[in-house]
Each structure stands twice: as C-alpha cells, then as structure tokens.
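Each chain gets a letter, A, B, C, D and E, in the order it is written, and its residues are counted from 1.
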Amino acid sequence: MRKPRKKKVKSKKSIVNQIPGKVVYVGEKQTQDTLIEVFEYSKDFLTYKKLAQVEEAFAYKDSKNIAWIDFDGLNNTQAIESLGNHFGLHPLLLEDIVNTRQRPKIDVYEDYIFIQIKMLYYDTQDVLIKEHVSIAFGENYVISFQEAESDVFDGVRERLQNAQGRLRTFKTDYLAYALLDAILDHYFEVVEQLAEKVENLEDNLFTNNVNNQTALDIQELKREIIRVRKAIFPVKEVIARLENGSHKLIEARTKNYLRDLHDHGIQVAENIEIYREMTWGLMDMYMSSISNKMNEVMKVLTIMASIFIPLTFIAGIYGMNFDHMPELDWEYGYYYTWGVMILISLALVIYFKRKNWW
Amino acid sequence: MRKPRKKKVKSKKSIVNQIPGKVVYVGEKQTQDTLIEVFEYSKDFLTYKKLAQVEEAFAYKDSKNIAWIDFDGLNNTQAIESLGNHFGLHPLLLEDIVNTRQRPKIDVYEDYIFIQIKMLYYDTQDVLIKEHVSIAFGENYVISFQEAESDVFDGVRERLQNAQGRLRTFKTDYLAYALLDAILDHYFEVVEQLAEKVENLEDNLFTNNVNNQTALDIQELKREIIRVRKAIFPVKEVIARLENGSHKLIEARTKNYLRDLHDHGIQVAENIEIYREMTWGLMDMYMSSISNKMNEVMKVLTIMASIFIPLTFIAGIYGMNFDHMPELDWEYGYYYTWGVMILISLALVIYFKRKNWW
Amino acid sequence: MRKPRKKKVKSKKSIVNQIPGKVVYVGEKQTQDTLIEVFEYSKDFLTYKKLAQVEEAFAYKDSKNIAWIDFDGLNNTQAIESLGNHFGLHPLLLEDIVNTRQRPKIDVYEDYIFIQIKMLYYDTQDVLIKEHVSIAFGENYVISFQEAESDVFDGVRERLQNAQGRLRTFKTDYLAYALLDAILDHYFEVVEQLAEKVENLEDNLFTNNVNNQTALDIQELKREIIRVRKAIFPVKEVIARLENGSHKLIEARTKNYLRDLHDHGIQVAENIEIYREMTWGLMDMYMSSISNKMNEVMKVLTIMASIFIPLTFIAGIYGMNFDHMPELDWEYGYYYTWGVMILISLALVIYFKRKNWW
Amino acid sequence: MRKPRKKKVKSKKSIVNQIPGKVVYVGEKQTQDTLIEVFEYSKDFLTYKKLAQVEEAFAYKDSKNIAWIDFDGLNNTQAIESLGNHFGLHPLLLEDIVNTRQRPKIDVYEDYIFIQIKMLYYDTQDVLIKEHVSIAFGENYVISFQEAESDVFDGVRERLQNAQGRLRTFKTDYLAYALLDAILDHYFEVVEQLAEKVENLEDNLFTNNVNNQTALDIQELKREIIRVRKAIFPVKEVIARLENGSHKLIEARTKNYLRDLHDHGIQVAENIEIYREMTWGLMDMYMSSISNKMNEVMKVLTIMASIFIPLTFIAGIYGMNFDHMPELDWEYGYYYTWGVMILISLALVIYFKRKNWW
Amino acid sequence: MRKPRKKKVKSKKSIVNQIPGKVVYVGEKQTQDTLIEVFEYSKDFLTYKKLAQVEEAFAYKDSKNIAWIDFDGLNNTQAIESLGNHFGLHPLLLEDIVNTRQRPKIDVYEDYIFIQIKMLYYDTQDVLIKEHVSIAFGENYVISFQEAESDVFDGVRERLQNAQGRLRTFKTDYLAYALLDAILDHYFEVVEQLAEKVENLEDNLFTNNVNNQTALDIQELKREIIRVRKAIFPVKEVIARLENGSHKLIEARTKNYLRDLHDHGIQVAENIEIYREMTWGLMDMYMSSISNKMNEVMKVLTIMASIFIPLTFIAGIYGMNFDHMPELDWEYGYYYTWGVMILISLALVIYFKRKNWW
C-alpha cells in the first residue's frame, strides 16, 4: 500500500535533564564518518586539504587568508566541541550545532555570526532529505557543519577553484552568502517537485481517477508540505536579520546580495503557501469526487429497482392462485400483460432520461 | 473534457548551482525576436526609433532629453547584459530581469530605481497571460524589459506622441508611473473577467445545472485566482515603497499620482480577495447541490420500493400452493385483493405527500 | 426561482488606456438629472438655493460664510470638472469623484480635505443601494458629490434649517462630520436588515423548513454581506486618519465627535463580521439538515425493505411447485405461515424501535 | 422544539437622523424604575443614601470625600442628562450611556475618565444577560450607570461597608478598578457555564446520543459564544489603555491592580477563543456522527437485501410453471433447495462478518 | 469506551466577589502535604535542608549566599502568605501563586522578578498533568512554588549538588533560567507524545482501520492539543520579556542562555502548531474514510439488487398462471430460461467490472 514511514519519533534520544550547553547529537546518522575539508584562499591563491584530525584546523584561526572549514558528521561531538572551543564559539551554539531538531536561527556575536538553516533536497530514491547545517563565520574563517557530505555546496567549491565570480575577491561574509544561496537554490528544486506532485494529484482528480489511495497521497503531500514549510519559513527572518543589521563582518557591497537572497527566501515561502493552499483544496475535490461516485451508484440502483420492482409485482399478480381471475382465461392475456410491462418500463426509462439520470 | 494545461513545471531550466548575478533566461518564449524601440522626448519634441543593435541605445545615457528604451525579448540575454552594464545596473538585477519567476519587487539604488512587476491580460484565446516586466529609470532614461511585444503600453505611446496629458512635461518618474498605471489598468480587466467567471459558475449552481465538470471549473478558477493573486499582491508593497520613500528621482508633484496608483493596487487586491472568497464558497454550494441530487435519487428509490414491495408480498401470499387457503376460493377474492393493494398504495402515497417527498 | 441579478460586470465601461486624471463616469445612472443645491450659512443666518448652472456656485469660494454645495448626478462630468477646477481640487480627485468603483479613501491636501465613502441603504423594493459619495471641504466650503438625490442627508438639512445642535456654530469640519455621521447611521440600518435576514434563515433551518432555495438564499446573503463589507471596511481607516491627523481644518472641539464616529465605524464593522461568521455557519447547518433528511429517507427504505423482503421470500417458498412439499398438505399450514410472517415482522419492528429508527 | 428567541432586532428604535449628542435610550427595559444610591466615604467614615431626586447628587461634586453614585435605570434619560451635565460629562458620552448597543470603550478627558463595558451573567432562568454599564470617575466621584439593579457590585458594597481591603484608603481610581474587577469576575462564571455547555454537547456526541436537536444546540451555543465574545473582546483594550496611559487620576499604586485586571481580561478572552474553537469543531463531529448513522442504516439494508433477494430468486425459479422442470419431480428436491438456500445465506453471512459489517 | 474525563469545571470554587489580593487556592490537590526544601549555596559550598516550618525560611532573606526555596503544596495558603509577605512579594502575586487557573506571565518589580508558567508532563498512567509553577527571584533568593512535588527539577538539584555546569558560579538569574529550562525540556517530551498520537491515528486512517472510536480519539487529541497550546503559547512572550528587558537582576552573561530558551519556546510552539494542523486534517481524512465505506456498502447493495431483481422478474413471468403461455409448453423452455438468466447476469457482471465496482 503506502511506503512505510521511518519512525522518527521513537528513536529520539532524550534531551531532558541535560546541562544547558552540553553537546549531544540527536540525529539519525550515528555511524557517519567525520570528514573535514579546508579551502584556504585569498584573491591570488587557493589550497585544498582534507584534514585527518580536527586539531589541524586550529592554525587557520590566525591565518591572514580566508579559510572555509567544512565539517561533515555531526555525530563526532568531541571534534566539534574542540573545534568550536578553539574558535571561541559559545557553548550553547555547540549544543545547537549537533541538535538536529533546532530550528533555523541567527545569533550575532561580537566577533562572529552564527547561522543555522535546513538543507532540503530529494535524494536518488525521491525521498525528501532534511539536513541540519550550521555556518559560523568570523574575520578570516567560515566553518560549516553538516550532518553528512552532500553535493549542495559543489557549485561553491567549483567557483572557488575556478576563481569565477566574486568569491575569491570578497570577504568571508560573501562566502557565507554563497553557501546560503546554494542552500536556497535547492529549496526551489524542492518546491518544483512539490508543484509536480500537486499537479499529478490534480490531474488524477480531474480525470476522476480516484480511489482510496488518493486520500492517502493527499495526506502524505500535506505532511511533506508541512515539513518543508517548517524548515523554510524561519529562513526569511534569518536572512532579513543578516541583511538589516549592521555588523563589522557584513560589508556594504555584500548587502545587495543579501537583499537578493531575502527576496528568494520570500519567493520560496510564497510558493510553498500556494502549493499548500492548493493541496488543502484537493481534499475538497476528492470528497466531491466520492460523492459523485456514490450518486452514480445510487442512480444505477434506483433505475434498476424502479423499473423491475413494478414489473415483478405484475408478474406476481398473475401468479396468484385465485379461483376466479378472469384475465387468466383471456386468450391473449399473457401478451397483454407483456404489453403493459413494456409500456411501464418505457415510461420509466423516459422519466429517468428526462431527469438526466441515464 | 478539460483543456490540456501547459506543463509549466517540467520545462523549467535548472537554476541550481548558478553563479549569483549570472544572466539566464528561464521563460517559455525562447524563440522570441528581440525588439528595441526608443522614444526620445522633451517638452518640445519627440523622436521614435526602432533599433537594430542594442549598442545604438548607449548614446541615450548622456542625452539631455528623456529616453524611453523599450526592450522586448528576454531570451536575448547578451543584449540585456550589455545594455544593463552600460547603464550601470547591478549584475543581480540583470539576472532578475530575465528570471521570469522572480516576484514583483522594487530595488532603490542611488542613481536609479528598479521595479519588477507582472503584466496580466487575457489573450485572444481567453488564456491568462502573465508577463515579466522590469522597469529601470534614472535621471534621463527609462528602460522597460518585456518578454514579448504587447499592446499594454500602447496608451502611453499614444499620449507621448500626441503630447497629451502631463507625460512630456514631467520627468522620468512620471513616465515610470504611467507605465505602471497602464499595467494596473489591465489588472482591473483581469479582475472583471474573473468576476464574470465566478458569476457564471454561480448562475450554473443557482439553476442546479451542475455536473462533474462544475467541480473542475471551480478548481480551475481557484488556480487562476491563486496565480493572479500571487502576481498582484506584492505590487501594493512595491508602489507603497515608491510612494513613501524619498529619492531624488521622485518629484513631489508625482507623489499624488503614485498615491492614486497605490489606491488602485489596494483596490485590485481587495477585489481579488472578494472573488477568491466567493470562489471558495462555490465548492460548498456544489457539495450541497450534489447532496440534494442524491436526496432526490434516494427519494425516488424509496417511494418505488416502499409502494411495490408490500404489494408484491401480497401477490406472493396468494401465489402460495397450500391446500387450504380459504381466500382463494372466495368468489371475489381476486377483486378484494386488488382493493387492499390499492388502499395500501394510496396510504403510502398520502404518507409520502405529507412528508413532502413527492 | 431567484430574482434576476443586475449584470453589473458587463455594462462597465472600459477605463483601460485612459489618461490619469481624465474624468470619466462609469456608474449606472447615465440619465440622471444634475441637481445643485447650496446652503450658505453662518451662526446667524441661512440661505438655501437651487442652482441652475454650476457657475453660480463659483462665488461661494470667496464668501465669508460657510457654503455647503450638494452636487447630485455624477454623469455630468463637465460640470464637476469645472466646479472642481474652480475650487482647486486635484485632477486625480475629479477622476475619482465620478469613478463609482473607487474604494473609500481620504486624501489630505494643504487647503482642503477630500473624503470618499459609500452610502448604503435599502430602497423601497428592499434592494441594497450603494452610492458613491465624495466630500471635499476647505476653509469655508463643503462640496458633496452624489450619484443621485437621496434622503440620507435630510437630517443634516433639517438641523441646518432649525439651527438645532452645533451645526451652525461650528466650522466646515463639523458639517463634514455631520454628513459622514448621517451616512454611518444608515450603515446601522443596513446591518439590522442583514441581521434580520440571518435570523430568518436560521429560523428556517431551525424548523427544518429547508429546500434547495435555502442554499441559494444563503449564497445571496453571503454575496450581500461581502458587498457591504467591502464598502464599510475602509471607512474605519478613513475616519481614523481624519481623527488622528493634525490639519488646520480640523478643530480640537470636533475631534471628540470624530472619535465617536470612529467608534461607530468599528462597531458597524464588528457587527458585519459577526453576521458574516453566522452566515458562513448557516451553510454547515444546511448541509447537516440535508444529511438528516437523507438519513430519514434511508430509514424508511430500510425498514420497508427489511420487513417485506423476508416475508416475500417465505411466500415465494410456498409458491414453489415441488411435488413433495409436506407443509402444503398440512391442514393449518397456511395459518402457520401467516403466524411465522407476523412473528418475523414483529421482531423486526421491535429491532428498529430499539434502534430508534422508527 | 427550541426556546423562542427574543426578537431583538425588530424592537430596536431607529437612531437614524438623530442629532449627535442627543440622549435616546434604545434598550429593552423601558419601564425600569430609577434607583440612585450614593456611598460617600473617606478612610474614616461611610454614609449610604438612597436618593429620591437626581438633584440631591449634585452636592457630591464639591465634597471633600469620595462619592460613589450608582445610577440604575437607563430609561430615565432626563435624570442622566441633568446629572451628566452637572458633573461636566461631554454630551456625546451621555448619548453613549443610554445607547445600550455601544461597544465597550474608554474615553479619557482632562478631568475625568469614562469607561463603558458590558456586564454579563446568567440569570436565575439560565438566560445570558448582557447589561450596558458606564463608569465615569473624577477626582472625588465615581458614577456608575446600569440598565437595572444587579448584584454584580454587591461584593464592592460589602467591602466598602466593612472597611475591608484597600477600598476605603485608595482613591477613586481604585474604586473604578474594583467595579471593573467585579464585572470581570462574572465573565469567568459565564465562561465556566459555556465550558459546561460545550462539555455536555461533547459528551452527547461521544455517546452517539445525537439527533436533529443537537445541531440546533450547537448553533445556539455558537451564537451565545459570538455574543459573549463581542462583549468581552474590546475590554482587553479598554483596560490596557487604562493601565498604560498616564493620567493624573491613576495613581502608581493602582497600576499593579490594573495590570492584574488586564491579565484577567486576556485570560477570559483566551478561554472564550478555546471554547469557540471547540464548539466549531463540534459541528464536524456531529456531521461524522450522522454519516456513521447512515452507514449503519445502509449496512442493515444491504445485508437484508443481499441475503434475501437471491433466496427469493431461487424460490421464484421453482415457482415457474414450465411443463418440463426435472427438479420439481425429484423426491427430495424441496429439501435440496432449502439446503442450497441455507448454504447461500451462510456464505453471505460469513462474507459480511468478514467485512465487519455485522 | 472512552476514558472518563475528570469533571474539572464543576469542582471549581467560586472566586467571584473576592477581595483582590486575597489568597484562595482553587486547584484540585486540597490534601497535599506542604514540603519546603532549601538549597543554600555559593560557589564553594552547598547545604540542603527540609524545613518543618515556613518561618525557618525567613532567615535566608538576609543571607550572603544564594538560597533556593522550593515550596510544594499550594493548598497551604497561610504559609505562602507569610513567606511572600516576609520576602516582600506584592499581595496580588500571592493571590496568583495559588490561583492555578492563572495564565503564564511575568511581573517585573524593582527588587524581584516574578514568573508564572505551567509545568506539563505525562504521569505514569499517561495522563497529561498540568501544574501551576511560580518562580520569584531577588538578589540572593529564588523561591519556587509548585502544586505538588515533582521530578521536573531533579536535574537542577543534581547539578547543584555536583557543582556541575555554571549553576553554582552564576547568580540567581541563572538558577531561575535553569528552572525554566527544565520545564521547557519537558514540553518537548509532551510534544513528542502528541506527535506519536497523531501518527498512530494517521496510521489507523491510512490502513482504513477506522470506526466510531476514531472520531472520538481525534476529538480527544484536539482537546489535548488545545490544552497544551494554551499552556505553552504565553511562555514565548514571558521569556522574551525576560530576555529583552534590562533589569539589575539579569546579568549580561545570562542573556545568551535566555535567548536560547526563547528559541526553545518558539520551537515548541511551532511544533504544537504543526501537530494541531495535522490533527485538524485528520477529521477530513476520517470523513472521507466513512464516505468510502459507504460507497462500498452501496456498491454491494447495487450489484446484488441489479443482478437478482431482473432474474426474479423473469422467474415471476413464468410463474404466472395464464392459460395460454406458449413458452411453458416448450420442451426446453426451462433450460432456455436458465440460459437467458445466465446471459443477463453475465452482462451485468461485465458492466460492473467495467465500472470498476467489483
């Protein structure tokens, strides 16, 4: 019937009675390998390194170049804690980095800005994946934390390597923008997938090709839209605060890009709302489709019963065994009776035709 | 059955992993010819030219007169890029100009104001057309970008040529206002068409002239209203920002006109809301109409069955073959039986009449 | 069946491609006679004149007394234009005065205040009339524009003539207030009529006195409420701006009256919302009423069929022509059979009674 | 059937074409006796008087003690006018005092504060009573106007007499607070009654004890909640303005009490919203309950018809009169037939059992 | 059937006509023992005491160390009053401490801050418990008031004893934060339970495993969500005011923690909204499920009746007793008849198969 849903709720680890600021990973990817990649670059050069130990990343804090440290694997809480402590991130943020249930937010500190956002994409089996991403950036570093390696940032990596666009000439704020932009671009793909699902359902309903599965599909789509909406909605506000605040890390020339990003955030949220509204409307259509079907069933029953019940009655009459039933003795009684029956059924057929029931 | 919908979603080109500011056209009119028209005018004179090359437009940047450059054909991204760069438009704006999925917005720069808006009209086949229009205006130029040539701006062209109204004596802000005004005037026509569709559907429902198609028509109308609403709603805010901000390009005397435009924006949005509410209400009416029909079907069945089933039973009684059935031997048994049957059916007819089912 | 609705939409004159500020009347009363009345008054005297020519009104602009010029007949666009120009009204306002589709608004200019509002009342045939009223007032004049003569302002006229209340001692702002107050008083009457309609429909639904017409009546009422709401809602904001702004034309002593008016505006809007909510709820009641009726129909059918079908079966049994059917030869077989049939039907009757279906 | 509703609408007196500020009573209690009670008190003493003439109250305006004048009987407009004029209340307020349809509001004047609020309680016949109360208080007086004598203020009276609490030591602002507090306390009682009604209806629906009356009860409850909501909602805002404004009459030490009152206002409004939401949900439950019942009816019909129609058919077969029907001559044909019929009915019974229809 | 609900409403003690500030306990736990525990601590030491008399707690007011006084048992109003008076709490607060119906709020006084919040958890019988908690904290004390002893604060107690985290080194504001944090952590557990209930219901609906109980379960869940929502929603605002205000008791270093708490508040509220929306959607699914079932029932009836009614009619024909019925004399008439009947039923079976009814 329907695809079995992952039991998300039960597997949750309890976070009750924890010390605030204690770093506990609550996501699903418990056995994920840790992967630490660093791009160090300035306008003129770029080096790329895969780090074996998190400690190797500590040096970048004092480098004159910009370093993008991409940390994949939130289950390695120890490495995250030591990295975060070295770069001076607030303990509560370290807790948030690994708390995959944390909602998108932005926390502005004096020396760095911390952003949390959800990465959304459909994987190869067409399952909606929702990843928890944290981005912290200071004067000369950008650290991104992901649950697992993904190809969402591939475009950014390429542009860094090709020295394309403005990436290499702008500061860390633009790199952070570029990462957010890459994530939001994927939102549009998710929205398009949702749009397609809505249209497929609508087409099924339009062609009256509905069954019990249709209601389940609508409900599944509702749930998916609710999940996407929950991940996407707070993003608008996060970007707005990034765009509107004045912080030494945000350069004036980056603001135009952030405003553009903000527009994208609003646009994707508006689209979600539209597909949401249309999906909610599908249930009404489904109900009217069921009612129409029942109407049709009832009409068949009513027509069959209305025509044959009177005829059977007439046949019953002449099946009676009274001694004195003059019609029975008529020579053409049997044929007369057939005639009456045919007339009655014709009259009823015409009546139902007139009512447009046929 | 229903008109096949254009598969909007599938044909979309991917914009994922693009460099921000890269100019990629994503609309449908891929083979559109590029058309560049220029009106150069001051209070005293007006010249009109059709440009073969976009480079011919560059000179207007330094002209003392006002130039309106109307650029039709967003697929020609190269020309747009060179034109935009010459007039100093921000690269992100060039990306937005050709991104037909961009929502209406206004971006205010020091030397120019950039507005994006959707042009809405019904074409000759009564299909709702939604065009992406961008208007950028500076001290002495207004550049408008459209997907394709349309007659929405014809009124403005005429008034320019006839030196009618204030167009020739006011600055570029008034020309930009006039273009927006022309677009909003067409919104009212779209709203009137929607109003008519709502009323037609209502009339069908009022006369109980409903069938399965009706639900589809309601859903189609819902979708159309959602699309129109999405295009029109942000416009209010765009105009409000144009009206309320203080920018050297916006003259005091133009503000009254912008306020009037703002009023129109609110009015058209209010009307959309009203037709939206009425359309959503139609589904309820449709459902009640179906229920009424089913009631009617059930009544026919119930009346037919209730009358003839007892009669058939009586006929069945006297069709039994018991040796001792005194009634069978009565001389008028057969007639008595008919009498009883007529009495029973009369009683039932009266009963149903009383219940107002007949 | 239902009263034919006026085809409002089709008769609309196109306003597309008009010059902004061009004065075009779009209402229905094309053949209305123009009526210009002037009340000139100060604390001590009052004169009343009916003007034949609009030019006669020009003199009042420089009078030391207060003049109320009441202009009825918006189809006379020429007179309105010349009057408006003489009194220095902005061209866009003249366009709005005759554009009956304009929504309620207030425009504050340095020397005068311009208010637009809808007059609502039920005419003698109980049809809801919606008139477009504009009021412009300056230092010493109040000009009111109406589609046609109406008795809404009769109370104000009377009080002027009787020197009752504060009308003659206050300035033009109080006269404008008095006119608005008269219009809002009629809103309450409209709300009362709507209340009555809601209650009548509710009473019908409560007494189960419903048919197909009921759904149409509910929909008609919905439409009427939507229309009234559209006309009344912006009025709150208009009055609030009049009350809260500080303009040389608005005296401090009038502010209390405007606040009171504002309260009335809120009150009438709240009432509309309440009747709206109740009307929307009526559809639910109607649906449940239909369902109840269907339940009743189904019960009758089920009871009739359930009782007689088994009995007919038994009669059928003993109508079979097998050679060896011992019961047929029993002396009291026929009576036994009747006994069984009566027992079965009694059992079923009791069963249905127990289920509360009877 | 249902309790007859009082025809509120029809009995309304028209307030159209009235002079603003004219004092016209529009409530129902036209024959109410006027009752004027005065409590004059300071920290050390208290006198209580019942006044025969309103003029006796005039002296309290200049008293050094605090006077609470409780005026019951809004139909005595003359007395209210002379009392109000003596204490310097604005004419519009006098109009509002007797206009029982006025919504709750607060008007702050330099020398006094004027509050209007609805008193809500269930009378001994469990009918919801909604009384219009006005409270005006200045430096040394509090005047309260009620439609009729009620026991809502009894607690305040008692505390005044017993010198309990802070009443006698605080100023008039605290007395006004105490009166408002007494009114809000009764709101909680009303909310509890509504809660009980909601729960009773829910219990009926839970036990499937529904009939046509249930829908009416739900609608009645909806109407009652709408009425209560309309009366209670504006109160929050009234108290907030009292709490937040700074006026010489409001002492700092009273502010804590006003904040507490504000909390109560929010709480009662929240509760109303909750019961409103639950009541609206009841209609859904009711509809599902009806559908369930219909399902049950249909199942009985289907089972009866499905079992007996095939059996009757078989009986019909062997009731045919063909010359050559071999089964008829079999010795045990009759018994075989019974066997087949029993097998068929058993099969159908098992089928329906499997479908959980039985 | 369904679990009996506690009759919350009826058992409420009347709070009408009370003196404001009078301390009256209105909760259910009337016979609760009073339990007073004190943790006195500084960075270096910690003592724990169980107090027999409330008077023993008075000394902590002037201690140099921080004291956390945990008071369990709101029915002991006398002890609360004397404790509150000694620590200088406003009388209205004492009233609120024992008024379990009070909504969450924060009151900021010069020397102390007073917070009220609801503690939510599922007890061992899976019943949702809602406890009224008040927290007042000044320079060197934190007093918490609970209805009864619970284990919600156990984590805080442990951390105090183990000198873990920041608890012992921060001031009273951090202890208050820690208590609030412990309460909010339990909100997440409640939300997870609700999530599970929603999913269970959804799974039932998906597998079509519905009956009348399902509607009741949905309604029960709705009620539970409404209750939780009412308790949780005001908390966001309470924390926001704590975070944003500037008060001498709130240290800068605690603000980060409060912001984090605020985030949690928003997150839990968002989750509640999502489960609320999904629960409301369940009713639609339930209705469509019922309609589907009815459709199925109707199809069985229609198929059975449509097939056998015509056959019975044919059998009835040849059961007639006319003298001249040629078919009866045919040698194979009986077999021909069977053939016709089989053909008819086959045709109908194919017809219904084609319609996908089978």
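Here is the rule we use: a residue touches a chain if its C-beta (ideal position, glycine included) is under 8 Å from a C-beta of that chain, and two chains touch if they have at least 3 such contacts.
Which protein is which chain? UniProt says A, B, C, D, E = Magnesium transport protein CorA.
Values in this document were obtained by computation on a predicted structure and should not be read as measured data.
K.L.:
In terms of touching chains, how many steps apart are chain C and chain E, taking the shortest path?
P.N.:
2
K.L.:
State, to the nearest whole Å, the distance from the C-alpha centre of chain B to the C-alpha centre of chain D.
P.N.:
It comes to 42 Å between the two C-alpha centres.
K.L.:
At what distance in angstrom does the C-alpha mean of chain E lie from that of chain A?
P.N.:
26
K.L.:
Specify, in ascending order, the residues of chain D that touch 2 or more different other chains.
P.N.:
Within chain D, residues 287, 291, 294, 298, 301, 305, 309, 312, 316, 319-321, 325 contact more than one other chain.
K.L.:
Just say which it is for the chain contacts: an open line, a closed ring, a star, complete, or other.
P.N.:
The chain contacts form a single closed ring, each chain touching exactly two others.
K.L.:
Can you check the complex and tell me which residues of chain B touch chain C?
P.N.:
Residue list for chain B touching chain C: 154-155, 158-159, 164-166, 177-178, 181-182, 185-186, 188-189, 192, 195-196, 199, 202, 205-208, 256-257, 259-260, 263, 266-267, 270, 274, 277-278, 281, 284-285, 287-289, 291-292, 294-295, 298-299, 301-302, 305-306, 309-310, 312-313, 316-317, 319-325, 357.
K.L.:
Taking the complex as given, what residues does chain E use to touch chain D?
P.N.:
Residues 1-2, 5, 9-10, 12, 14-22, 90, 92, 96, 101-103, 105, 107, 212, 215-216, 219, 222-223, 226, 230, 283, 286-287, 290-291, 293-294, 297-298, 300-301, 304-305, 308-309, 311-312, 315-316, 318-321, 325, 327-334, 337 of chain E touch chain D in their complex.
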